[in-house]
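Shared between the two complexes below is chain A, which has chain B as its partner in the first and chain C in the second.
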Partner chain A sequence: MKRLFSIVLCVSIMLGLGSAIASASPLELTMYFPVNVGGTAAATIERFTGDFNAQNTDVRVTPVYTGNYDDTITKIQTAIQGGNPPDLFVSLATQRFTMASTKMAMPLDDLIALDPEGAEFIDDFIDGFMLDSYVEGAVYSIPFQRSTMVMYYNKDAFKEVGLDPEAPPQNWVELVDYAEKLTNENRWGVGLALNSGSAQWAFTGFSLQNCTNEVGLMSADGKKVYFDTPENIEALQLWLDLQNKYKVMAPGIVQWTDLPTQFLAGQVAMIYHTTGNLTNIRNNANFEFGVSFLPAGRQYGAPTGGGNFYITSGISEERQRAAWEYIKFMCSTELAAQWSIETGYVATRESAYETDLLKQYYTDFPPALVAYQQLPYAQPELTTYSAAEMWRILNDNIQAAVTGEMTAAEALKNAQEQGDELLFDFQ
Partner chain B sequence: MNTLQTTSGQRHRHWVPWLLLFPSLVIMLVFTVYPVVRSLFFSLTKYRLGMEAPEMIWFENYQRLMSSAIFHKVIANTIVFAMLTVLPSMAIGLALALMVNRKGRQVGFIRTSYFYPSVMPMIAIASVWLFIYMAQNGLFDQIMIALGLGSQNVLSNRNTVLPAMSVMYTWREAGYLMVFFLAGLQSINEEVLEAAMIDGATGIKSFRHIILPLLAPTTLFVSTIAFTNSFKLADHVIIMTEGAPNNASTLLLYYIYQQGFTNLNYGLSNTLTVIMLVLLLVFSLPRFFNQDRKIHYS
Partner chain C sequence: MEIIKKHAITSFSIFIALLWLTPLVWLITTALTKATFNMSFLPTTAFTLENIEYVWSTIPFGQYYLNTITLVIITFAIQFVTSTLAGFALAMYKFKGQALVIVIIFMQIIIPNDVLIIPNFMTLSELGLIDTKLGIMLPFLGSAMAVFLLRQSFKTVPRALAEVANIDGANLWQTIWRVYVPCAKAAYMSFAVISVSYHWNNYLWPLIVTNSITNRTLTVGLAYFAKSKEADMQWANVCAATLIIISPLLLAFFVLQKQFMNSFVSAGIKE
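Presenting the complex of A and B:
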């Protein structure tokens, strides 16, 4: 009896030790992630990661919140130089050319090929988002927190001026017409955020609505920009006309973060803003509001934006595989649906729209579906090599036009020259 | 025994000062001299993130900046911002110091209140003032609308954005400069003031002919601090405008940050750093050499 007892004891100690060793040395991964909209996105990422760690005892991912998108780039860069980079991170889809040319991130094709479910996983992403993942034919990033631009409009204001609250403007002509009707002493008809970092996003949409060859602002390889086309000048002129000629939009530059506040206060009747703000507006509007497609020019068009997953280059193969598993988990059908509902981002997987969770959500709250329906007309926002600098060039020159320093044609010609010079090294 | 002690004592004298200086020397070499030399080197190179090694291009970065319209604008902005903030914050700082240079129970509280803004991080201040300047709904625009002047949206106008930021910065800096003036005021010998009073100098006269000259060393020190501080600002630009509209509010340090950390262009950001260093030296050195002679140290 004693002997049996000691054997049992021995075995259990060994088992205990064994499991202690196993659990004492899981592979530790670090992930940097930014949050660019208010709300609970950070808590949701931490909760999802907790679930992943619980399911995978041999890997432990630590998510590190690193501020907004710009801060995150700065922190990754500092960490790389310090020789202690994160294993994976979330950054703007538009940063992928920079990520590739600076060798901050690695191509993922080998990981996808090694994974039996890899090809299927990639195929299931919505095309409009997956477009934003390639550099020179290689997959560099996986769509995660993705958004697009929609129009929010105040149905009460529509009724007040005798417009049909169920018929938002379909095209630019109606946009101007409705905005004129909606504008009064205390209210602007339409609102656009034109601060640095926002103007280029909205402008991508207007450029896509007005272009004649499905090419808006840049070539798909990120090596050319087409700022000064007659169509783009026309699009910028529309903005200036909304402000100066029709006087239906606040003059000067309205900040991205102020615009929803003004909309909620009833000071502007129609605003162009991200789907990521849907939950905020839904919770805080004390009037009936609607969500619609962006009004068409020659055709419908909208910019996509937001962040993708990247894996840092130079980490061990074991770490790469663990990071890949984590990305697959975070982008799984169920979590993509859950993520979309909790944050307002657009679910990135086709299969997510087949889940009961998302179907139920759209039944309860139809405006959320508009972004998805608009996706076939959406294209990536301004994305080139040296993207941050290119954004700056376009933003600065748009602002120069908006503040009256230059005409629309001068501003975009100037932007074109600066853009060409910037991309000269990559031709 | 005796001789041995003396010789070792003499030897002590040679290396003790060096030993005592050693910690600060090391800190200065590591955190001041080394970065400056490094910046000088990188300012002559083309170096972006992802390049294996910096490529020597000598003065190409400098030439590029000299012909860049944005760089000219940035330098002009930085100088305008310094002019709009240095004198007002010094004048207000001195006025505040004169007001609180007295004894009494509440004075401590008032001094703390004036000093308080400079304890707050610039980022917090900028976030608060961003709300004050917010278009239509901000405090400032609300007042303007109530006065019938309409929404000004000062941060989006290229003519008002720098003055608006200067007001915020002056509000912050004045309390900080007050502390130096206060120390200066308290070091003035009261007997001198009493003697002047007996001779009939009161109020403004006493201030103009006694206090102000005696404050000269403090004023010199404060002006240098105020000037260099006004150059070393980036945080509020990041929070409030990111340089908008069209770089009308881009200051030099923010431009350095943007080139280095957003555009990942280390070469150019080091060139800008060297230029900033030279500017600071040029502006602060003559003050010490020229004005030193005219100053009365009591």
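Presenting the complex of A and C:
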């Protein structure tokens, strides 16, 4: 009898221990993330996530690298349809309308409201980045790996042709003027990448610089596009003129990834490119270079781009809360600053700019600050429902104008018609 | 006249060979020299192994190698068995609905694999095979292409050979293994090239089915570098990663090129 009792006791202790262990086993979350700036960014995300897991023993987030942005979308769609969705993921900010209309991602307002620090957290994001987190007034995504466009210029080339190296072009007139001076038989004055996937980004900037409607290419609700306004036609005409009339920009279509290479080789004196390229240019330029605002048309303007955090819809409340904590951790002031320095992305939180880390970085390397100073003039890149298709429409038509198949006005009228048709269902 | 023709053919082949060699030379020289922003065909910077080292240490290529090799070998081994048996049955036997079976199998050849990603994923999800090596391989364990190649090849083997084997007391297995398989060596060789290179290079499917490093393949490792387009292309790293991935296949090609060539030639010549 005694023996039986001790066996029962042993078993019950073991069972008790077992269940204690089971309840202490952490909640497993999966996060999909794309990498667009080389191998080390993935390592940084994994390191940050490791820190999060170390601090939160009850949650364990596994980051899963999922290729580039397009691959990531394919993987998320497949996983959701296959009933094996990630709990959260990073995708382009421009995907938010699609994410909302296909119910792939969930609105985050309830999570923000439940969190005592929620409102404060959201308020601290830079407006230019937070702008493209909303769908129909609800927050659907949180800014994470964000970039904007700046101008890089070759100070040595400026000196060579008698321009002031500390005074980059302020507006389109100066842009054309300087570019004409800088162009010679070995060098183009100015460079823009016009391949699909880049043309629409650069064009957002030019549209914002020239527009009189304050929104550039599209309405904030993503249901209307304004491609064929006289101001936008004028902006596209400027591109064509740079190539054909003034002959200060390489004819045809230069690839996004080739442009910095040409700049570093001294073949182009001024380029429009992402802030994400700053470290690369800093490390490789064998001449003095400067970073400046994009030259203004009627006003300053620049596009923002990049990826945000989303939480998958349909996961349990417990998981939602854990995912939210993770996002808050990854976007915390300190990590936002750290992430910016390590990857070249722009820090998304106002408070990040108050950290010693970023202050020191800007003191050591003032050109990095230009992107931040330009942010008040920056707005989201072309973002509508059916974003991928809309990008294709604008890119194709711009390229048709660049290759001389259509005039600027014809191309943008064409884009407008196709865009209206695409958005017809969402009105 | 004959001499001119011969020279023309030789110089044309040399031209084609050089054309084929060009990207390879650029790839290898770029991977093995110091990174530079000056793009040129021949290297202008010093020899270095830094690119390879950097790429190798950033991404767990060792693990990816092991995974890819395991996948490629097991997939081909199973395809070998399933396709031999299916090809043999379709070539040698008459049975009800044979035409239908052949049509269904061959229709699969014209369906691109990418279209099947979602349905395949859903099936694997129900089987609980997401993020496993078996999951990556399962959709490919039978191959319509191999069945087709082997069926055609088996049909050309004279029946007399099989009959002689039967008279000598060989059973069905022995007939297949000792008579038909050796006769179809060329077809096996051709299919091995197709299967191995396809699974070695496959990217999207392994990326979608797997989540953990222990199951991912070499191509996913390459994507970290080759698909990073936000800034500029770091060609030295892209080339270094590519070199790491293609070397085994390249080496295999150089060693086995005679056999490959023969197999394609003889597979083509047979009626």
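The rule we apply is simple: the second predicted complex is superposed on the first by the 403 of 427 C-alpha atoms of A that agree within 3 Å, B and C clash if a C-alpha of one lies under 4 Å from a C-alpha of the other, contacts with A are read in each partner's own complex, and residues count from 1 in each chain.
The rule is simple: a residue touches a chain if its C-beta (ideal position, glycine included) is under 8 Å from a C-beta of that chain, and two chains touch if they have at least 3 such contacts.
As the structure is a computational prediction, the values presented were derived from the model and not from experiment.
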| item | value |
| --- | --- |
| Chain B versus chain C as contact partner of A:229, first or second or both or neither | neither |
| Touched partner set for A:35, first chain B, second chain C, both or neither | second |
| Touched partner set for A:183, first chain B, second chain C, both or neither | neither |
| Which superposed partner A:243 touches (first chain B, second chain C, both, neither) | neither |
| Chain B versus chain C as contact partner of A:400, first or second or both or neither | first |
| Partner chain(s) touched by A:74 [first = chain B, second = chain C, both, neither] | both |
| Which superposed partner A:66 touches (first chain B, second chain C, both, neither) | second |
| Which of chain B and chain C A:261 touches, first, second, both or neither | both |
| Intersection of the chain A residues that touch chain B with those that touch chain C | 74, 77, 197, 258, 261, 265 |
| Interfacial residue positions of chain A with respect to chain B in the complex | 70, 73-74, 77, 98, 101-104, 194-197, 250-255, 258, 261-262, 265, 267, 386, 388-389, 392, 395-397, 399-400, 402-403, 405 |
| Interface residues, chain B side, partner chain A - complex | 48-50, 70, 134-137, 151, 153, 155-158, 241-248, 258, 261-265 |
| Of all residues in chain A, those that touch chain C in their complex | 30, 35-43, 62, 64-68, 71, 74-75, 77-79, 81-84, 147, 197, 256-261, 264-265, 274, 276-277, 280, 284, 306, 344 |
| Contact footprint of chain A on chain C as seen in their complex | 37-39, 55, 58-59, 117-118, 121-122, 124-126, 130, 203-204, 207-208, 211-212, 220, 223-225, 227-234, 237 |
